[in-house]
Amino acid sequence: MVPVLSLLLLTLLAGTVVTFLAGRRARWVALATSVGFLFETLWLLDSYTSWPGRSGALGVPQYSDGESYAWISVPWLHINYTVGIDGISLILILLTAFLQLATVVYCWTESRRPSAWFGLVLLTCLGSFGVFIALDVLLFFLFWEATLIPMFFMIGFWGGPRRRYAALKFFVYTHVASIVMLVALLAVVFYAHAASFDFSDIYIATHSSGFPIVTQAMLFLALFFGFGVKFPIVPFHTWLPDAHVEAPTGGSVLLAGLLLKLGGYGLIRWAVEVLPQGLAHTSWIVYGVAFASIIWGTVLSLSQRDLKRMIAYSSINHMGIVLLAIAVYSSLGLLAAVLLMFAHGVVSGLLFMASGSVHHTFGTRDIVTLRGITPRTPVLATMIMVGSLASLGLPALISFPAEFTALLATWDRLGYWVLLPLVILVVTAGFYLWMMQRVLFGPPQNIPEKAHDVDVYETAGMAILVALIILYGVLPGFLVNVIVNSPVYGFP
Amino acid sequence: MTDFVVAQFVGLSAALLGIGLFGILTRRNFILLLIAIEIAINAAVLNFVYFAGFATGPGGVSGQAAAVVIVGLAATEVAVGLAIVLALNRQRGSINVAEATTLRQ
Amino acid sequence: MGAFDSLFQWAFLVPLFPLLGLVIVGFFGDRMKKAEFGGWVAVAFSGMAMVLGVLIAVGEALTPGRYTDVSYAWLTLPGTQSVFSNGFSLVMGTLVDPISALMLIVVNVVGFLVMLYSIEYMHHDKGLPRYYAELSLFLVAMNGLILSDNLLEFFLFWELVGVCSYFLIGFYYEKPSAASAAKEAFLVTRVGDVLFLLGIFIYFATYATSGGGAGWAASGFKFTTGSTPFLGSLVGSASSPTLTIAGLMMLAGAAGKSAQFPLDVWLPDAMEGPTTVSALIHAATMVAAGVYLLAVVSLFLGFTADDRLAIVAVGGFTTIWAASMAVVNTDIKRVVAYSTISQLGYMVLAVGAGFAMVGLYHLFTHAFFKALLFLAAGAVIHAVGTQDLLKMGGLGKSMRITSIAFLIGALSLSGFPGFAGFWSKDDVLASVYSQVGAHPLYWPFLLCALATVFLTAYYIFRAWFLAFSGDHPRDPTLPHGHDAPWAMRLPLLVLSVLAAVAGLFAFLPSFSSLLPGANVPPVYGSTDLVLTAVSAGLGLGGIGVAYVMWGNGRVFQLPSGSPLQGARTVLLRRYYMKDAYDWIGLHGVYRLARAADFVDQFVIDGSIRGIERAFSSLSNGMRRLQTGVVSDYAAYVVTGLVGVLLFFLFVAPWIFRTMGGG
Amino acid sequence: MDPVSWTWFLPEAFLLGAALLVFLLDVLGVEKLEAFGAVAVGATALSLLAVVADLGFTPLSFLSTLPPSVVDSGGGATSLYAFSSLGLVFQGVFLSSALLVSLASLSRPSHEKGAAVFYGLLLMATLGMMLVAVSADLIFLLLAIEVTGIATYLMVGYTRKDARGLEAAMKFYIIGALSTALSFFGASLLFGAFGSTNLLVLSQGLGGISNHSLALVGYAFLIVGLGFKVTLVPFHAWAVDVYDGAPTDVSAFLAGGTKKMGVFAFFLVFIGPLSILTVRAVNCTGTVCIAPYDFRPTVELTLGLLAIVTMTLGNVLALLQKEMKRMLAYSSISQAGYMMIGIAIGTAPALAGATLQILAHVFMKAGAFLVVAGVSALGVGPLIAQYRGLGQRRPYLGVAFALMLLSLAGIPLTVGFVSKFILFSAAVQASTVAGQSFFFWLAVAGLLNSALSVFYYARVLKVMYMESPDASVPLDGPAGDPTGGLGYGRSAAILLAVVAIVALGVYPQPVFSAIQAAATHFVASGA
């Protein structure tokens, strides 16, 4: 059979390399690559009809389109190039494809070193795609780190005034986290005496009896920290606002849309699936962190004056809900988590694009001084409105089914604790509405003379995401039916 | 033979080493440093000669041989050292090692 | 029977027509040469929706007690350990049943009339296409809501109508007051909505696990199983504390949407929107959705006794709470708005008393006369350009039709015998009265309701006298008003007729099948005639008092220094409720947020930056050791030597002794 | 084992011959640097091939100089030298660093004075290191080290003109001589304790031990003496000044070559069953029985702690370093810490990991120094800040340098990542044995340190890519020069390093499996 995943990987790889060397024509190469990648992904989606299921007495989850080649192999160390997908990774790959295309289109007019810029964009997507398909610890970690470098340069070279500080902060934070994650994964491999670094071998090792619960709990917490910083979880979240505020628009889109998702995906695939006992015995910690992130993210969004900073904090809140949905550890919750990650990826992508356009149209992102932009830039205003309404969970927009399932799962496991996220929903609505009232409505204020509505490329880039928001909001079944074709089943 | 004797002799060579080290730490004059280094090295030589007396091991390099080799080696070292002294002297007209501190921190 | 099956199958077209209108107006409205044309398109589609809706209602009326449910799977979700272990599905569908048929009439008739009216009323506005797009969207959502066949779908459209009202209240978004009112409306209703959502969860969980509900769960929580109301399969589980909480959550949702105490602050401010919007959304239809929700729940899922008491309490108190504020207000729209809140209180009251149909009956009549009042008020505002009653006066001469329309509405509202409002309000009171035995606490709220009858009559006629009686406006600068063109008149006429006679529909045998148990007063026993007499008398009394104080251009001045002045200000300040909310929002939440921001920047981030600083200072300290003097380096070596020796000979053995092995 | 044949030492002989040839040419008045360079490059390349052939790389077998039976047969209790395959691997390491340096030095100004001395000494130093790799006797080992030592003292100061170089040479010499004295003293004590200096005897206690505290003290002295070469903290202070003051190519050689020699010396002395319990039991006749003693835990603990201290201090000191060369010097100190982890653990996997790390370090650190040398030849430096915009003005050079730094930081797809990954995996694996949890914390310390190190490498990247170049800095080199002022030799060397970094980073299997096999043999046969 065709090694589909490697083909996709090659597509991105070739596209990236060529883009870097393409000079002035880079944007076309990037566009071609992302379109091609999108079509391949859709083809993959179409061909992915059912989940191979579990095998063996331990119920080891199987993955479709699997490939495995020996990579490093000495008597005590067996590392393979092993890839494969299930519904969860497939949905996130779809997200990658769409965001990649949208970003490339949105940034079409990038004039500073376009070849480098578009190359880095593709590289980031390449990295996250790899993370989503990798089923071997080393491979996974390799791609995981591979997303770091391009983002570091994107922020640091194309970013705002304090970009260098932000870039370094981002890099060191996330790198430290991934180091901890790596230690924990190595410990899992060796303490559980896994036959190789492959996911399935690790799964077998950790699920077969004789792997002490205490060790599992400790290792799970380590992994939780490692993945959590990417979420980000309170109190390790302070890199996010700085990174977002300083990052160029495209960078923010990928950062919020993809890189945060890596944390969620990693937690599901490499912590929850591998060490369910660990989660079971530390769940109260995870719940605590999740609630803390939800509340803290929201409360802080309320107090922000910078549009971008506000959105950044609100993604802390949304990812907190993802974490909550994962922590309830039920198939419904897991489904909700993945759905929510997709939704947040698209919505925050749109919002960051919009705020980027606001910034270079009006020269400021200050919610308090900027007022009444609607008459001057109706399209942009509409985008912001759609994004905000989606983000505050309006039905028929993508976030609603996700948040609904997440909250239902929470209710099912935690009972009336669900009131907390519910109340937070109100507050979330509060600051989005406040922002819209200030920025979109009211008598125009501080609108520069030359300010004109967003150009066709930016519009197209945002339109792609808006289309997704509405399409999957009205017909979430498209996503759900894929996600459930995955180890989601078999969870309590 | 008893540990006591060992202790005495090792004590002697240790004292020799100590003198050498003391010299290396306190002297600033390169020539004196070289002398101190010589002393320190000779502590080892003394040990070899002494232990060779009752080496029960299956041989290999015998203690005396080692001693002779080391003496030769020490000579080479000093030669190199002197070369550096001359160059240093030509460079800055002083052989006070404490004055050469352009490379620091 | 069979004749209508196909018709009911096509019910989904009702929301679909306005959707087409929305698409056309929304995408091409701005490109059309004459803005009105887009409006006409929207009107046409809403007209089709009306025709079909009324047809369906008639069909339903002719086949009593028929439930036609068409639904499609929307989401199929995996179950969880405790609930739906083998997964469950969420569906989207249409359910045609008596009450939705009733609502179809209300929504589409009023909707069509208002759209027609707006052609003239809004034609100066440059935002006309946007207006019609949003209005069509509202009709889509509202029809979807009343036709929805399960609780989740209901909630989905519930939120959509909410956002429509957000858009329409903020229609004049360049007015800061409008923007702020829109936000307020969304937020306050949002509070109710999330509680509503929690209620849905509770129902899901409870019913899905209860024996009767498993099938229900599998079928997507529809209101009906097959062609019978779902309630049937729930007997027995209908009185658990959990269900009580669920019911209260439903009440909270309804209170948010229907502006019941204490979530009522947003509705008066919602009058920032165009008057037509107020007529359609904030009087006739959307705000009634809360009542509809309560009715649906009480019919299909069932309320517990405690729930009913709570509902009665909220409704009963709201009637007088709002009416009292209307008494002193001098803004014609706000007076009508307060009366809306108060009337909604009546409906809630009836549902709480256990007579959902009576509530809907009042909803039905109220929709017409309240829409009429708003449109008439709109005509006045359109003509004279102010909303301040104290400036108006004597408009009866110049705007005869309008004044008569308003008068009819006022009579109907104040329950003048024979008019629509009379019958329905009377039923409400009677239904509550019939339940006073159930719980002693029913009495005070019945009394509230009765007192409100008097107040209602008073304030609405005060408004009418202030606006229309007398011989000339009190503010001479006021433009000389005249009656509106026919596009505005026609709706007024139709609504006037309906406001007069809508109550009588209940007596048509066929129509009454839409309101089982609410057809003919007196239905609740012999005492009812007394009650009727009392309420009618109170109404007339109110009108009389109003005439004495305000009739013929009189203006009643409350003597300054009278103890009532204080009460008056309290009422004008709306019992300081809004101020309280604002205070909480600003001084409570926002201050908290600022503090949190400080903590985030200086405590959390600061501590991590502290680590960084610690490292760099360590680095600096260490660098000093690199003196450049070779003797020092030698000293380090020797120190190291000593250290290693000590470690070898003493420390390491000690460690091994204490820890036992590496 | 087979009768000794002089052909076994052909690689060493090449180097010696080449060195003599260089001096001869110098005497004959040849002045072209390229001539000497060619000789050096040729000799090192040739013997490198021979060593690779000896390692059993069949395509080159016609070059092999050792009969397979000799390799890993282990030296006898009396032999001075033994050919272990790990030793051959290290010879490969030494030779490749020598090759890189001599290749790069070809681009130095032709007619530079002292070129002959430089190349001659380079070859001599390499010869010494080669001998270290095959030595089986402590004295022989220390002598070989001295050969290298003396050669490198002179290399540091060979120009005799530039004051910094001379000062560096002086410091290097004094500390070096001191450590020589210490290590010989340690050796003498071991001789006293074991009655022999043969490493096999030492490591297995053949012939019994008369006094274990004597031996302990001896080992302590050796740790210090050898630790100087490996630049363990606190014996590191010299390294910074020397790497800084020496001609940069020499720094590259010191960091890439001689340090590794010290590590291998550690392997020889401290790896293998450092326990004499069993032996003690049989030899307990006649003389007084002394309680059996197991050196291993003590050595493990000491080396482990030294490793942690070295890594941490090296990184901390590098954090705020303003000069490029000194920053690299500190970073190479911390890298020495990683290598010590392998020695402290001493299992075959750990050894293999450390060896791979060492091989990686040749390419990334020596490579980095070579780039620095080239850039400073353009007139840039010594401050990091002066590298501003390098990545933008010289894309290829920038990418090469960035790759080396990323590899040092341990970012995936570089050999630096693979080696660290394997090393720490080995540590974790070793820690799963009961009572060895200490190793787990070694791994954690190492990983956290590598996270810390990212900070200063990233800072350089930041300067190179995110700050705009100032026009005054002559980054572009002379016009019309395709190598932009680097010269072909240096460009070739840098390219070589980059290729190695990426190739080993993407597919380390062939090399690593060879190393693993060698390490397994080494531990089994105990040197």
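Every chain is named by a letter (A, B, C and D) in the order it is written, and numbering of its residues begins at 1.
Throughout what follows, contacts are C-beta pairs under 8 Å (C-beta built on N, C-alpha and C of every residue); 3 or more make two chains touch, one makes a residue touch a chain.
Predicted, not measured: the structure shown is a model, and the values here were computed from it.
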Nearest to the mean of all protein Cα atoms is the Cα centre of chain A
If you tally C-beta contacts across B-D and across A-D, the winner is B-D
Taking each chain's mean CA coordinate, chain B and chain D are separated, in whole Å, by 25
Whole-angstrom distance, CA centroid of chain A to CA centroid of chain D, is 43
Here the gap between chain C and chain D, centre to centre from mean Cα coordinates and rounded to Å, is 78
CA centroids of chain B and chain C: separation to the nearest Å works out as 96
Going by residue number, chain C touches two or more other chains at 623, 626, 628, 630, 634
Expected list for chain D, residues touching two or more other chains, is 170-171, 174, 178, 182, 240-241
Multi-partner residues in chain B (2 or more other chains touched) are 21, 24, 97, 100-105
Chains touch in the following pairs A-C, A-D, B-C, B-D, C-D
Within their complex, chain C touches chain D through residues 615-616, 618-620, 622-623, 625-626, 628, 630, 632-634, 636-637, 639-641, 643-645, 647-649, 652-653, 655-656, 661-662
The chain C residues in contact with chain A across the complex are 73-83, 152, 155-157, 159-160, 163, 170, 173-176, 178-180, 182-183, 186-187, 190-191, 194-195, 197-198, 201-202, 204-205, 585, 589-590, 592-594, 596-597, 600, 604-605, 608
So, in the complex, the side of chain B touching chain C is made of residues 21, 24-28, 97-98, 100-105
The chain C residues in contact with chain B across the complex are 623-624, 626-631, 634-635, 638
Listed in rising order, chain B residues that touch chain D in their complex are 3, 6, 10, 13, 17, 20-21, 24, 30, 33, 37, 40-41, 43-48, 50-52, 54-61, 63, 66, 69-70, 73, 76-77, 80-81, 83-84, 87-88, 90-92, 97, 100-105
